[in-house]
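Which chain is which? They are A, B, C, D, E and F, in the order written, and residues in each are numbered from 1.
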C-alpha cells in the first residue's frame, strides 16, 4: 500500500487581470506552487459573461494544494478582499502522494 | 449633409460591423474565436504602426509633429476632468465609477482610429503618419488623470492598491503601446525598402482583416448591451454626447495647431474615441470596485458604434469645414 | 479565524451543444451562479474523442457551488436525463468564505 | 473517363487533403489548432458569400435564380425521405438514427461546395454566383425533414425536447447561414467597388486557406474513422451510394430547370454533400439519443472524402454530358 | 430522493507530452473513462512557466472518476514515477449518480 | 567585416525579433496567442516545403542532392557526439542532461533555417530548393544519437521507457517532418502550375508571417532566460561556441561536397541551429529526468537569438569566402 496524506486543495476563481493578486497571496502564505486553468463563461450576480479577452473580462481558476495551516493562512489573507475583487474561493480535503512537497 | 457621411454605409468595413450587430441581435451563435480576434488586433496594430513609421521616415519630423504630440497629451489629461464632472453631475455616478469612466473617454481606441484612417483615406484625406505616435501618446495620460479623480487628489489609495509608479510602468509597457511604437520604429528604421518586403502581408490584407475584426466588435458590442443592466438613459446620453463634444473640440484643436484636414480629423477621432481594451484592464487592477458593466458598456457598446457609424463622418465633414477644404468630389 | 461554511460543489461534464440544458437546470434549482471550463479530450464508453469544435463534438465542465438543498434539487432534476444526454455529474462538500452568496 | 476526373489529383487543394489523411494514418501528431480551423472556416464562408453577392450584383436576379432556389429547397426536404428509407431498410438503423443521418444527407457541406467551385472553376465551368444563396437555402429544410422522420410524423417529441419553433429559429440563425447570407448581402450592396478594397484579402488568400482547411479536414476525417466502432459495411456503402445518387439526381434537376453546366454541377454537389458542422450540432440538441459515432463518421469520414476526391469530378463530367458541353480542353 | 454513490475523483497534473503515460495507467487500472482539461500557467519547484505549446512545455489535468479499488490501483501504479515525470496527483471522495458506470 | 553582417539589422524580420526581446525585457504583457503562433509555424513549414518542392521540380535531382542529404544525415549523427563531450567535460553536466542537450544541437531549427533563407535571398545567395529536404533529413538522426549517449550505448533504458523503435516512429511522424516533406511532395507534384494557384497565400504573406512569428520567438526566448535559474556561464558559453563551430564546419562540408555558396551556408546554418520544438518534445518523453530548464534555455534563449542576429551573417560571409564568390554588391 502506498502512503497518502491529507492536504487542502484551494481553488480561487479570479479575473485574469487580478491573477497576480492571487498568486502573490499564495506566495505570502508560503505555498510552493500553483496552477492556473481557464474559464470560458459564467453567470453571477452581475449577470452572464463570456470569454472576451479583447476587453479583459476573462476569468481563470487558480488551484493550489497545500498543508492545512498554509491553506488557512491563504484564506485569511484573501477573505477581506474577496468581495472587492469578486473572487470565489472554495477548499476541500484531498489525499496526495509525495505529501512532503506540498 | 456631407455626402461622405452617407458614403460610410457602403464601405464593406462598416457593413461587416453592422452584420456583427445584426447577428448578435438575432441571437446567432456566430463567434470569432478569441485567439483569432487577438491575432487580428495585433496585426492591425503592427500594420498601422509600420505604416505610420514609414510615412514619418519620408516626411521627417518638424514643429507640427511636436505640436500634435503635445496637443494629444494635453487632451488626454484634460478630457477626463470634463467627463468626470459630467458623469458625476448629470450622470449621477459615484466618484469611483465616474473616475473610471472618465479615464476611458480620455484615452483612445485603436480600432476607431484605424477605421477612421480607412474612411478618411477613401475621402482623399489620409491623416499624416505621425498621428500614430500621437495616438500612442494619448493612451496613458487619461489613466493617471482618471485614477486621481477616482481616488480624490489628496489620498493615495487603500493599502494593497497598486502604487502609481507601478501603474504607470504597467500602462507604458502595455502590449498595444509597445507594439504600436515598436512597429512605428521599425517602419522608421526600415524605410521604403524594408517595408516593400513585408507590404503584401501588412498592406494588402489590411482592409480584409479590419472587416473581420469589426464583425467581431459588432458581435461583442451588441451582445454586451443586450445583457447589460447597469446603463441608465443618462449614461447612454453621455456616451453619445461626450464623443460629439470631444470630437469637435479635438478637431478644432488640430486645425488651430496647423494640422491638415485629415490629421485634424484624426485628432478629433482620437479625442472622441473611448478605450475598451487597455483602460478596462488597468481599471480592473487599480479600481476593482468600479463596475465594468458601466464603463465597458458605455465605451464599447454605445460610443464605439456611434463613432464608427456616425461620428467619424461628422468629424471629417467638420474638419473639412474648418480648413475650408470643402467636400471632396469622389 | 475567518468563518467558513460548507457548501456543495457540483461539476457536470456536458457536450457544449447541450450546455444550455445544464444551465437552465441550474437556474431552475435557484442557484445564482456557475462557471464553464473547457475540456480538451477524453475517453468513455463511446471511445476516444478530442476537441473538434469544427464538428461540434467538444465538451465542457460546468461547475457551480450551492447550498446542500439546491444542489440536491439540481441533481434530482438532471438525474433522469443523465444517460440520454451523456452528462457526468459529481459533487462533494467544500468550505467557502462569504457563504451567504451561495 | 473524363480527364477532369484525373486532373483533380494534381490540384494542391486536393493534395493537401490527401496529406491530412496520410498524416492521420501514420499517426502523426500534426494538428491545426482548433481556433485556427474555426477562423479559416469563417474566412471561407465570408469569402464565398462576398463573391456570390458580387456576382449577383452584376448578373441580377431572374427566373433561373428563383427556380434554383426552389429546386434546392425542394431537394433539401425530399432527399432525407429517400435517405431515411434506405438507412432503415438496407442500413438496418433504428428510426432515431435513420432520421438523424438522413438530415445530414439532405443538408449541405460548405467546404465540399467551395472545393467544387475551385475544381469547376479550373475547368472553366465556374458556377453562377447565386448558387451561394441556393446553398444557404438548402441548409435548414433537411433538418426539419429529418427530425420529423426521426420522431414519427404524428408525435411531438418528449417533454423537455426543444420545440420545433425554437429549433427552426436556431437553425436559421446558425453562424454559417448568417455569415454566408450576410457576406452575400454585403457583396450585393458593395458591388465591384466595395469588393475591390477587400479583394486582396478575400480573393488572393482563398486557395491557400482552402488548402490549409482541407489539410485539417483530412486529419479529422481519417482520425475519426480510425477510432470508429459503429460503422457497418452496410452503412459505409450507403455513405458512398447516397452521394452518387443524390449527385446525379441534383445535376439532372439543375439541367432540367435550365442551369448552365457549372451551376447544374454545383447543385449536384450540394445534393451529394452531407453536412458535418451545422446538422450535427442541431442533432446533438434535438436528438441527443442519436449516435454521433454514426452520423459524423458517415458524413465526415466517408462521404466528404468521397465527394472531394472522386464525386465532384464525376458530377462535373455528368453535367457536361447532360448539357452537351463536352469535355473542356485545358 | 435519487440515489448517489461514493466514488473517487482523481486528478493528475501532467506535461502534455506525457499524457499517454497517464492514460495508459488509467486503462491498466481498468478504469473506463477520463477527461483532459487544459492548464495555462503555473509555478512549482522548477519556477514559473506559462503555456508555450511552441516548445512543448504545456501541461494538462487528467481527471477520472472511479471506484475506490481501481482508484487505489491507479495511485499505486503511478506512485513510483510521480517524481520522475513531475506528476501531481490528488484524489477525494465524490458523490455520483449512475454509479454503476464508474 | 562583411557588410551583409550589418545589413541583417535593417531587415524587418530581425527588427521584429528584437522588438519581441525588448518587450519581454521591459516586462510588457505583449503576447501572441498560442493558437496563432502554432498556426503561423504550420504556415511557415508548408510554405517552405512547397517552395523547396517547386524548386526541385524545376532543377531535378542529381548527385549533389544525394551528397547533401548524406552530408546532412551524417552531421546529424556526429554533431551530438562532439557536443556531448563538450557538455560533459567543459560544461560539467551529467550524462543524461549532456545527451539531451546534445540531441538539440545535432537536430535543426526550422525557423532559423527560414530566416537564413530570407537573409541569404536578400544577398542574392538563395539556397537550392533541395535544402528543405536536407533539413527534414537532419531532424531525426540527432535524437537517436543523443539518446544513445544519454543512456550509455550498452544499456537499453529503464523498464517503462519507450522503446527505440517506438521513439523512431514518433520522430519520423512528428508534425514538422510530415508537413515539411508533405508540402515538399505537393510542390514537386504540382509544379509551377499548381503553385501559381496558391502562391498569393504562401508567397506574398511569407515575410510578414515570419515577422510576427519572430516577434513571438523573441518574447518567448527572452522571457525564458529571464526566469531561468539553471544556466551557468559554462553552459551559456557552450550555447555560443557550438553554433560557431558547427556552423563553420557545416559550411566547409557543404563547400567540400560542391554546394553553391547559398546552399553551403544553409547547410552551415542547419548544423549551427538547435531544435527547440521537435527535440524537446521527444526528450520530455524519452528522458523525462533531463531538465528542460537547461536544454530549452540553451537552444531557444541563447543559440537561437545568436544564430538569427549574428551567426547567419557570419556563416554567409564565410561561405562566400570559401567559394571565393566574395562580397555581393547590393
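The rule is short, and it goes like this: contacts are C-beta pairs under 8 Å (C-beta built on N, C-alpha and C of every residue); 3 or more make two chains touch, one makes a residue touch a chain.
Just so you know, these numbers come straight off a predicted model, no measurement behind them.
Visitor: So which chains count as neighbours of both subunit A and subunit E?
Guide: C
Visitor: For subunit C and subunit D, which third chains touch each of them?
Guide: none
Visitor: Cα superposition of subunit B onto subunit F: how big is the rotation, rounded to the nearest 5°?
Guide: About 120 degrees of rotation relates the two copies.
Visitor: Of all chains present, which has the mean Cα position farthest from that of subunit A?
Guide: Looking at centroid distances, D is the chain farthest away.
Visitor: Please work out the Cα centroid separation of subunit A and subunit D, and write it as a whole number of Å.
Guide: Computed from C-alpha means, the inter-chain centre distance equals 46 Å.
Visitor: For subunit D and subunit F, let me know how many angstrom lie between their CA-based centres, rounded off.
Guide: So the centroids are 41 Å from each other.
Visitor: With chain centres taken as the means of their Cα atoms, state the distance from subunit A to subunit C in Å.
Guide: 19
Visitor: Give the residues of subunit E that touch two or more other chains, as numbers and ranges in rising order.
Guide: 37-38, 92
Visitor: Please set out, as single numbers or ranges, the residues of subunit B touching at least two other chains.
Guide: 33-36, 38, 204-205
Visitor: Hey, which chains are touching each other here?
Guide: A-B, A-C, A-E, B-D, B-F, C-D, C-E, D-F, E-F
Visitor: Under the touch definition given earlier, write down the residues of subunit A that touch subunit B in their complex.
Guide: By the definition above, subunit A touches subunit B via 15, 17-18, 46-58, 81, 84-86.
Visitor: In the complex formed with subunit B, which residues of subunit D make contact?
Guide: On the subunit D side, the touching residues are 33-36, 38-39, 42-43, 46, 50, 169-170, 173-175, 178-179, 182-183, 185-186, 189-190, 194-195, 197-198, 200-202, 204-205.
Visitor: Okay, in this complex, where on subunit F does subunit B touch?
Guide: My answer: residues 10-13, 15-16, 19, 22-23, 26-36, 204-209, 211-212, 215.
Visitor: Sort out for me which residues of subunit E touch subunit A in the complex.
Guide: 13, 37-45, 59, 61, 72, 75-76, 78-79, 82-83, 88-92
Visitor: Which of the residues in subunit B end up touching subunit A in this complex?
Guide: 34, 37-38, 41, 160, 216-217, 220, 223, 227-229, 276-277, 280-281, 284-285, 288-289, 291-293, 296, 300
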